[in-house]
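Here come two complexes built around chain A, the first alongside chain B, the second alongside chain C.
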Partner chain A sequence: MAYGIDVELRNLTKRYGSFAAIDDISLRVPSGSFATLLGPSGSGKTTTLNAIAGFVTPDEGEIRFNDQAVSQIPTYKRNIGMVFQSYALFPHLTVGDNVAYPLKMRDRMSRAAVAERVRECLAMVRLEGYETRLPKQLSGGQQQRVAMARALASRPRLLLMDEPLGALDRRLRDQVQIEIKEIQRQTGATFIYVTHDQTEAFVMSDLVVVMNDSRISQVGTPTQIYDEPDNVFVANFLGGSNLIPATVEGVDASDYLVALGDGTRLAVPRRGQSMNVGEAAYIFIRPEDITVGAPTGAQERTVDVAATVETVDFHGDSLRITARIKNTSDVISIRTGRHQPVGGGADIGVSWKVDVSRLLKR
Partner chain B sequence: MSAVLTNILRGVNVFVLAMLLFPVIVVVGISFSSASFLRFPPPGLSLQWYEKILTDPSWVNALVLTVQVGVISVVVAVVVSVPMAIALVRYVRRGRGFLSGLLLSTFMTPTIIQAISIYQFYVPLGLLDTVYGLAFAHAVSGIPFVVINVVASLGQIDENIERAAVAHGARPARAFVNVTLPIIAPSVMVGAIFAFMHSAHELLIATFVLGTIRKPISVKLWEGVKVTVDPTIAAATTSVIALGVLLLIMIALIRRTDVRRRAA
Partner chain C sequence: MRHLTRNTTGALLMAPCLIWIGFFFILPIVLLAINGFREGGLASYETVFTSPVYSKVLGNTLRVAVVTTVCTLLLGYPIAYMLTVLSGWWRAVALVMVIVPYWLDYIVRSYAWLVLLGREGLINRLLISLGIIEQPIAMLYNLFSVTLAMTQILLPLMILTLFGAMLRIDRRLLDAAAIHGASRTRAFLTVFLPLSMPGIYGASLLVFVVAMGFYVTPALLGSPSETMISQTIMILATELLNWSVASAAGVILLVFSVAILVVYNLVFGMDRLFGGDGKS
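After this line comes the complex of A and B, so read on.
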């Protein structure tokens, strides 16, 4: 599907006074892919999206659509579709006129063709027959769909979405996420989506761009971002994570040898950032990758650590155990099956496969 | 709260309302009087005073003049105020409070001061004793009415709505006309009505700028009270009140449809 366009950001910077809202952002979103800008509020994701739309003029760097610089092209000529968090429907126009608006502005279509396209777009968002309603007569979820239909109406090759599901409740959001992904597949357009919700980013994206402090922290597929965070921010921002302080003591062909606070030595695979001997680091492990049980000792490429259980919390589908590593003040959290028979104060052995852990710069 | 206190409050409310409405009731009552002098309650009912207003060219001229001045001043006020309100809401970052204060200062300055300064200002410009002169003067005091209403309405608009139009292919000017203007139109209307009523009631500036030559309703009423005391004045006053009530009803209707449209 060559329908979407390639979007490239080259060293984009936007300053407001002395504050850089985005600072040297470079990114390439391949044609037809679904990219999500993910980050806490104030991380620069909306500014980035607005720069792509043309609402924000970057101070440095450039934006290219299909290898053409668009700096001189005003927003209304960029041929984009856009969905806003507040939906931004035209309150005085009917649903049909809202959806027809981009067609009237951009395409010279006959009245019948416009009506047909409006019908098509409303069908795509499952709002057949809503043409004559006013936006205020619709529920939040329906308004969101109208905003989608309007954005898609003139078949833009780039669709920008700024937290479009932020105002919907959880259940509706889950459902609409899948629909949006499906629409993206059908149209083949490039989608750039802004959210602070990691689940949303994981469910829909081909490419997740994690942003923090006006910069890009990491770019990758959802699994890369989740399993192989490049830095402490990404590790913490996405899901639960354990960051156990350790010091690098040695390096061999495949692993770093690191020491915990109590001197326990263990191996962490060499991946991502390179570290020097003597450097302070964190061992990163997801709570669900840690198993509770007697030391396995003999097993290949497994780490065993002795710990004392501090708390056990019931989460319905799982238990969250926090345990302190023996002879240290480092607490790890563990997510296990709900039938794990442990209680507070118990001494346990915990273990994880070397390959699921990662060493991050402290 | 005790029932006694509630009743006392209710009594006070009724009293204040009666105080406020009493002169209006008297004037309206006298305007339908069959007697040829001011007397309340009227001895009998008649429409003779309204007939007199409508057949007396000086009253008809006054009415026409008031409408002329009002319409011109409202058009000028709207043309100046809408861009001003947009600038205040969207582009002025520093000094917005100061500018709004300056705008409201016309409410604070005594009208007599305004009248004298406008008079002096107009003499060299040759605007004295002209319909346009009075209309411009009234436009100046009408501007805050429109600006305040439009600023309030613009403040409630999601600025992404205009952006949505631009993102989907509309030039910024077109987006404004297509989207923002229809949304703020009811507030512009309400502001314009207030400005018109202000112009129709205004006496001092009208006396200074135009009153010696041609007399709008407000000046004619004032002179009428000074010279002849017959129910014609009451009939004219009642007409002005009726116009005000009519315009107020219009405002209420505009607001109601506006609220209905906005409610999501």
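After this line comes the complex of A and C, so read on.
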């Protein structure tokens, strides 16, 4: 069995007055995996993390570590490491004493062993020789790493991180993401990470938990979440997406047959949510999955739609085209290679493979 | 140029205040010191420092001020801590309970102690009626009654100053201590207490300086044979008409109080007391 613990939330609810900060949340994070709670602010991700830490007592439901309920165990006995959004380094203690704090509180170690472990942890975050500095003498990035070293010092089997990179600039963040993932691999601990940044979630996670309105919207691997959103919220929250209104007209073994606003009929694979004939729906398709060009007509399982270009925007590595589907008011956005020779007002054919599209409830 | 303009604007804005303080506060003090010096010269200062009467008074003053400071700190710290833990409505209620006595005049509160501690006072009568004592205890007109009343009077100042300093301690630090293995007690001892030290110093300093110059309470509740320095100054000035020694004693009290503030400012930075970050 891996070093990390298995974390399970069962029907967890926390209310403040009549407002439920988290509402009936159930989740299992397997031992040694990197799970990210992803969602907009106010979606309940931090409350969930605080409940796991024991800072917040849930009103209903329970939290289990390795199949043991922890509700009765106070925070300080839960053996967790945590990196706070504000880092929460002890300002009156040196870097060395900050990192040694969990060792002194938790483990009965000799002074020499503590010093040795502090050295190890600081080396892990590449801050060798910073023991005697005070936190305020360090840059934001360095403080973040000290917080990381402190959280890992007593080799916790569960590490919680609450938007730890929020205060860092973009480039530093990219670098630290990779380091965090590497540390997680080395330690084998279970990591639960909170962020509102989808790239961060995708780069690091084994498991992404999308949260919205105090509930879990979808749980899956980064690719599942991105390619196969279960609902409109997830589709919209993660990157650009097209949601083309359509009506279900028929069902066969593999596909739904749907009609666009202008009556164009096309196929969408039968996966995810089940729909009834006559139901209003959205066809979900990522902008980069749409190709611009002459109708492919003959090709198997491909959809062709005629559209008129409205705008073309240059994004450096790509072009973003918005085009209106002929005879409708529905606009789709397309991401193509930067050398696509189109201009505003041009009539184009757009096409996509049936299997990259999905049908979502409207 | 711009900087200069800003300084000038600042000076102009401060001017009414500075003129007021200068004319009604600093000038009288300077005149007092000069007049006292003209009349008695250095001899008055020598008297204050060498005469056993005055050194006893200085001793009394220091003793009462120190004991009062320590008592208000020991009583005030837990209350200030509790205020930071309470939230919303409960905190408001508790704060009002701390502040309301502070609004009452020193004289009123000192008289209240007369009622409580007198020979025929509430406490003596209660103890006698319970049969615990037969003769009333002499609790009034000594340094005990003075210290007791001053502790009660200065407690709100201690609590409010400590509370202000404690509010500025990031509560997340206590969460960080807890998640990294510290029980509530250990988190308090290793994180909260050390971080509240500047508040402790600051609040103690304020209470100490105010206590040093206390007049009304020792005058009402103290004994003429065990006076504090403000009473002595009053007696010298109004009864003995010895203005030069009175002025010398006043200047010594002032210099001593200012010196304490200056030392605090050098070590911690005065702005800590008023919400700044202090010296780094």
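Quick notes on this one:
The definition used in the following text is that the second predicted complex is superposed on the first by the 361 of 362 C-alpha atoms of A that agree within 3 Å, B and C clash if a C-alpha of one lies under 4 Å from a C-alpha of the other, contacts with A are read in each partner's own complex, and residues count from 1 in each chain.
One rule holds in what follows: a residue touches a chain if its C-beta (ideal position, glycine included) is under 8 Å from a C-beta of that chain, and two chains touch if they have at least 3 such contacts.
In this text, all values refer to a predicted model and were calculated from it rather than measured experimentally.
After superposition on chain A, the partners chain B and chain C collide with one another. By the touch criterion stated above, A:S154 is placed in contact with chain B and with chain C alike. In the superposition on chain A, A:G343 makes contact with neither chain B nor chain C.
Applying the stated contact rule after C-alpha superposition, one finds that A:M105 touches each of chain B and chain C.
Contacts of A:G316 after superposition on the shared chain: neither chain B nor chain C is touched. In the superposed model, A:I80 makes contact with both chain B and chain C. Once the two complexes are laid over each other on the shared chain, residue contacts for A:A88 go to chain B and to chain C alike.
In the superposed model, A:P135 makes contact with chain B only, not with chain C.
Once the two complexes are overlaid on chain A, the chain A residues touched by chain B in the first and by chain C in the second are 53, 55, 74-76, 79-82, 84, 86, 88-92, 101-102, 105-106, 136, 150-151, 153-154, 160. Those residues of chain A whose C-beta lies close enough to touch chain B in the complex are 53, 55, 74-77, 79-82, 84-86, 88-92, 101-102, 105-106, 134-136, 143, 150-151, 153-154, 160. For chain A in complex with chain C, the residues that touch the partner chain are 53-55, 74-76, 78-82, 84, 86, 88-92, 101-102, 105-106, 136, 150-151, 153-154, 160. Listing the residues of chain B that touch chain A in their complex gives 158, 160-161, 163-172, 174-175, 178-179, 182-183, 260-264.
Those residues of chain C that touch chain A in the complex are listed here as 170, 172-173, 175-183, 186-187, 190-191, 194-195, 280.
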